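Please find the structures below.
Look for subunit A in each of the two complexes below; its partner is subunit B in the first and subunit C in the second.
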Partner chain A sequence: MISTARAILRKDLLIEWRTKESVPAMVLFSVTVYVLFHFGLDRDSLDGELASGVLWVTMLLAAVIGVTRLFAAEREQGGIDGLLLAPVDRTSLFVAKAAALFLFLTAVELVAVPTFALLLLGPGLGGAFPELLAILALGNLGIAAVGALVAALAAETRARELIVPLLLLPLLVPLLIACAQATEPLMRQDAGTEDLGRWLSVLTLYDVVFVLLSVAVFDFLLED
Partner chain B sequence: MYSKGLAPLAAAAAVTITTALALVFFYAPNDADQGFVQKIFYIHVPMAIVALCGFVAGGIFGIRHLRSGDRSWDMRSYVAIHLSIILGLAVLITGSIWAKASWGHWWLWDEPVLVSFLVVFLLYCVYYPLRFSIEDPDRQARYSSVFAITAGAFVPLNFIAVRLAEKYTHPRVLSQTGGSLPGEMRLTFLVALLGMALLFVTLWKLELTAKHASMQLKRLRNRARVAA
Partner chain C sequence: MAAIELERLERRYGERVALAGVSVRVEEGRTLAVLGGNGAGKTTLLRVLAGLLRPHGGSASVLGADLPGERWKLASQVGYLGHEPLLYRELSGRENLRYHARLHGATPGRVEELLAAVGMEARADDPVRDLSKGLVQRLAAARAVLHEPALLLLDEPRANLDPAAVELLEPLIGRASGRTRVLVSHDVEGALAESDLSLGLRDGRPAPVGAELYR
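This part shows the complex of A and B:
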């Protein structure tokens, strides 16, 4: 199962490397949203609640792009038939897709978070490490699990581009709450870490529930 | 096949709801703090509880459908979610009215139950576009069940997260669990809750019967057309 998942993941990363479709689009989109927030809020620098809110809302919106494109290669080129004809366990397909999404999100954050600090963040990122890394990792894991499930759910519908954001964003509300609340003290002028443990445990609970749930129900998607 | 026991169930629902309304207006005392307005509580809270139970029941029916492959379970799940969404809209409206009357605002973001309910409602509204944009009936049933299970598990998780995010506990006249309700109010509330639950089950069976009948009619028509 692991080797199958690794093969699919390798294929996805190779496609992304050659076409450069999802990740650059997500990065570009994130930066555009920062510009929108700059003008929409009419603020030159943000801190505290506003900063963590803008950072995480932008991440979730960028994730929508990645999730919409997650099964694009399979669908457009008919590769899904090949994948389903091959004796591939659905769980390994889920693991591969979630891992690909996780890596895409990490790649996006490598650029988008420093850009955010440069463009909008008042206090600077220095005080936020290493706690921010843990929050980003747990947040990415949750987005990846829910995103792979939503992508598979929407893959067979007619109104795919419509279903993905409508389904993904409400499902991510608890994740947004936990991530934004955990990040908020780190982005204050006097960076603190209160309540970090509580929010990290909420995030972990969310991740565990959705990883298990997605593995359990993924078998019933993308059949026939 | 679904209509068994429908008539007595409907009668029981009618009687219980009439009793509940009578109790609300003639038996339960006016709330000392909020006065007459508080009586919307006997409609609003039972509707919310029944709607949430309906969502979770939809998820459980979804599990049974995926396990057995029997599409009638998907139909049960669909009707439960459909009715819960209608109730959910009523919950949001009555909740908003109650908030305006007792707190002076149509919407309060620091009221975790209200906010969680809105998120859950928004998620379940996507059930329709998802379900009806899949044509193949088997696949439609399967995908809808997966949605029902995912969203059913999401309901408690969302309530935990939103409740934790609340910073200021709103001063409450009475706790919604009914734990601190005076005796007469609690009795009225329980009767109202029972009435709402019976109404839900009645409507659910009725809708299933109607769906079953119309499907059978379609099948017979097709057969008649083939024969002719």
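This part shows the complex of A and C:
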């Protein structure tokens, strides 16, 4: 299963590297939204709840672009048939797609988070950087698990651009709350880490539940 | 022994009947020609036999696997060459075949062997999007036989191929391959000449093979 997932992931990363269809669009979207917030709120800096909310809502909306494109090559070039004709465990497809989305989100955050800090964030993040990395990693894992599930569900539908956000965003509400609550203390003027452990536990639980759920139902999504 | 046994097979798309009352038996190593006009249900039949579509009625046994329940058994035994080449445009021919080889557990050596067999060694590293339809069809044929399938499902396999390429692919997908084959073609005379039995389809239902099929 792992070697098949690695083969599918390698193929997806190679295609993304050559087409540059998903990650650049997600980066551009995030940066544009931060610029819009910068001017729209008419404030030089944000902190606390507002900063945390702006960061995570933007990341979730950027993720919609990645999720919509996640099965594009399979859909447009018959990749699903190729996989169904091979003796592969379909869980490997889920693992590969979730891993690809996780890596796409990480790549986007490498640009988007510094841009956010530069354009909008009042207090620096220096001291709380490891905590923020942990929240981003757990947040990405949850988005990747739910995103791969929703992408597979929408892959064969005609209105996928509509279905993806309508399904994805409500499912991500608990994750958004946990990520925003965990990040909020790190972005206050008097930055602290109170309640961080609690919210990281909530995020971990969310990730475990959705990874298991996705693995359980993924097989059925590819049935005709 | 029968490689394919269909009894009153049915398949619908919503309310529309795509296949109904299709019964046929194909012995191992034989070739079945499936003939009919556009929209007759030929491609649907191939996709049901490949395990890509569920039958909605009747019974279907392919290589000993009862469909749809045992279609997982077919995965390593069926080679499917359809309208879509099932190749990624941004990857080269070699990368595509190596990817499919990993999925099927075939070796990189088998990939090189097939690239040579289909005359694609010189263009193997070109992205598929830069290749002509004929060259893509050669790669698609190589992909379909990568895992040495017992059953070949061929939908217009010679489309876009020049005479030299047709000859080149004969040992892989032609009668000379020795495999059980289901061949869909609009070249009625050619298909009948290289098949052991035939099945005519009209509006998804069995019909006598002849000019009436195309009216």
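Everything below uses one rule, namely that the second predicted complex is superposed on the first by the 223 of 224 C-alpha atoms of A that agree within 3 Å, B and C clash if a C-alpha of one lies under 4 Å from a C-alpha of the other, contacts with A are read in each partner's own complex, and residues count from 1 in each chain.
What we mean here is this: contacts are C-beta pairs under 8 Å (C-beta built on N, C-alpha and C of every residue); 3 or more make two chains touch, one makes a residue touch a chain.
Remember, it's a predicted structure, so these values are computed and weren't measured experimentally.
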item	value
Comparing the two partners subunit B and subunit C, which touches a greater set of residues in subunit A	B
First (subunit B), second (subunit C), both or neither touched by A:E156	first
Partner chain in contact with A:R198 - subunit B first, subunit C second, else both or neither	first
First, second, both or neither for A:A63, with subunit B first and subunit C second	neither
Touched partner set for A:V88, first subunit B, second subunit C, both or neither	second
Which superposed partner A:L14 touches (first subunit B, second subunit C, both, neither)	second
Subunit B versus subunit C as contact partner of A:T4, first or second or both or neither	second
Which of subunit B and subunit C A:V54 touches, first, second, both or neither	neither
Touching partner for A:G79 - first (subunit B), second (subunit C), both, neither	second
On subunit A, the residue positions that both subunit B and subunit C contact, one per complex	223-224
Partner subunit A, residues of subunit C touching it in the complex	50-54, 72, 75-76, 78, 80, 82, 84-91, 95, 99-100, 102-105, 127, 143
Contact footprint of subunit B on subunit A as seen in their complex	149, 153-154, 156-159, 162-163, 166-167, 170-171, 173-174, 177-178, 181, 198-199, 202, 205-206, 209, 213, 217, 220-221, 223-224
In the complex with subunit C, residue positions of subunit A that touch it	3-4, 7, 11, 14-15, 18-19, 73, 77-79, 81-88, 223-224
Subunit A partner contacts - residues on subunit B that touch it in the complex	66, 119-120, 122-123, 125-126, 129-130, 133-135, 138-139, 142-143, 145-147, 149-151, 153-154, 157-158, 160-162, 164-165
